[in-house]
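Presented below are the structures under discussion, each in the form of structure tokens.
One chain, chain A, links the two complexes that follow: it is found with chain B in the first and with chain C in the second.
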Partner chain A sequence: MANPTLFQLATTTVGSGGVSSVTFSSIPATYTDLIIKASLRTDNASNLTGLITFNGSSSSFSFRQLEGNGASVASYNGTTNATNTENGTGTTASTFSSFEFYIPNYAGSNNKSFSVDSVTENNATTAYADLSANLWSNTAAITSIALAPGSTANFVQYSTFTLYGVRNY
Partner chain B sequence: MSDTPIAIEVDCSTGIATERPLTADEIAARDAAAAQAEADAKAKADAEAAAAAAKASAEAKLAKLGLTADEVAAIL
Partner chain C sequence: MAVQFTYVPIATQTIGSATSSVTFSSIPSTYQDLVLVSSVTNSSSGSNYSLSFRFNGDTGSNYSDTYLYGNGSSAASGRESGTFVNIGNTTSITGTFTPTITHIMNYANTTTYKTVMGRGNNSGAYVMGAVGLWRSTAAITSMVIAPEFSANNWNAGSTFTLYGIASA
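Now for the complex of A and B:
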């Protein structure tokens, strides 16, 4: 049986002033899967949907998403590089969303499917729990991944992003 | 906050994180993504509102059939 092992490849914490995107570049092809764990918040008034790009490309993406918001459940689908719901400034101060991206077989020659599991934090009735199945219809090995908050917003100070490589052997 | 948006790039081969201003092309792409995000958000909000309205309508119709609130909640 495979014995998965995680290796931290890179990490960054956003400083004062915020940033419009976070990119992990020069990702080595020596792992089986990739995981990104992020704690993030944007400076946008309303909750935004995050964006992801692989190798600088934002095209050929599609997704299906399940979402609960504290009152109801819904499902969505689309053909964009959108991911899940992020905390905006309308949520409780100093609370951050928790995201996990799982990208299996990122260095292979098939199209790249991945999942995004996330929750927003909010001391109020409405908070979002999202689970998405995503596809990048491109056979290139993934060597860089960029995350952006969506719109013209920034990730705020103390948002953190960590990339792990997974070895399943 | 600076006027020009800043990006962080972390080079996994070195572990070094570099902050740099976005290029003009990146800013244009960001603006286009913003427009798309607004359209996506509106579509999502519309879908949520439609689902909530349909649920309320279904609850009202079931109540008229004589179901209690607990019975309605059990099947919706």
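Now for the complex of A and C:
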């Protein structure tokens, strides 16, 4: 029988009242890659851009992003820990954004390159599909990951976040 | 109910010293799809190269691809045809390996041409989505991946893992 390769390491479902961030800590170094899949929405009126931190650090990040909004496509870059666009309360009720973070070789000694793919939806009005190439210029093994909605907002109830480990052996 | 694993590592290659290409051969036909996860740098002097795929040793003009990319300030789309499929974009920056995830659908069937879909993540240059086509009905049993089959190499430390995705 083949060896299992995709392991669910932790999952969080946001309860009543929301949370200002979600953290996966004490991530073991025993996997090859990490994947986070999230279904999320914030309590901010406008759409926010999510934030990510590794090992408690929000510095030394950079990104390039490709974004389509249903009418046009654009590209952005930055030197922050920003990720992609999230559904806020101004979008269709009960509509959550879908996010996937892919972090290869997270426990290695090179800088950490990763990707973030996401979509929002808004019932045929302006919504966003984002592809991002991200970099954390730090050679430390990643042992914790925190996701925040940006600004002073919260992730709302029923948002879900699941961390997976991938083994290539 | 017996547990069935659907995401199975077929082979991993870690580059020990600079090499012009990586080959996966004797790929079994027992999966539905293939996924290649790569994290690489190329040996050029500051140039960005795609991961270029050839299948079953075919060097003919039987490949094409269409891509969408952003460079941080503008976005564009294009298409090309030639002797290999280009997916993603890789850097030459030492210590910053660019991840690319490539899906190869229904690779073992002998009826249809083979399509490839990938996401490239070169945070210093381009973020990309691409689709490619190999105009052959042969089952894919081997693939070669090179930095655009140029004179450049994959640098030491680059990794390539090929996974098989099993259907139920």
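Observations
Throughout what follows, the second predicted complex is superposed on the first by the 165 of 169 C-alpha atoms of A that agree within 3 Å, B and C clash if a C-alpha of one lies under 4 Å from a C-alpha of the other, contacts with A are read in each partner's own complex, and residues count from 1 in each chain.
Here is the rule we go by: contacts are C-beta pairs under 8 Å (C-beta built on N, C-alpha and C of every residue); 3 or more make two chains touch, one makes a residue touch a chain.
Note that the coordinates shown come from a computational prediction; the quantities given were computed from them, not determined experimentally.
In the overlay built on the shared chain, the residue A:39 is in contact with neither chain B nor chain C.
By the document's definition of touching, both partners, chain B and chain C, reach A:76.
By the touch criterion defined above, A:134 lies against chain C but remains apart from chain B after alignment on the C-alpha atoms of chain A.
In the superposition on chain A, no contact is made by A:89 with either chain B or chain C. Legend: residue contacts after superposition of the two complexes on their common chain; A:12 is shown touching chain B, with no touch to chain C. In the superposed pair of complexes, A:167 makes contact with chain C only, with no contact to chain B. In the superposed model, A:98 makes contact with neither chain B nor chain C. Of the two partner chains, chain C is the only one that A:111 touches; chain B does not reach it. Chain A residues in contact with chain B (one complex) as well as with chain C (other complex) are 74, 76. Chain C contributes residues 3, 5, 7-9, 12, 37, 39, 68-75, 95-99, 101, 119-129, 157, 159, 161, 163 to its touches with chain A in the complex. Across the interface of their complex, chain C is touched by residues 1-6, 32-33, 62-67, 73-77, 102, 104-105, 110-111, 113-115, 117, 131-135, 137, 139, 166-169 of chain A.
Chain B makes touch with chain A in their complex at residues 1-2, 5-15, 17, 19, 22, 29-31, 33-34, 36-38, 40-41, 44, 47-48, 51-52, 55.
Within the complex formed with chain B, the residues of chain A that make contact are 9-12, 14-15, 17-28, 46, 48-49, 51, 58, 69, 71-72, 74, 76, 78, 80, 82, 148, 150-152, 154, 161, 163.
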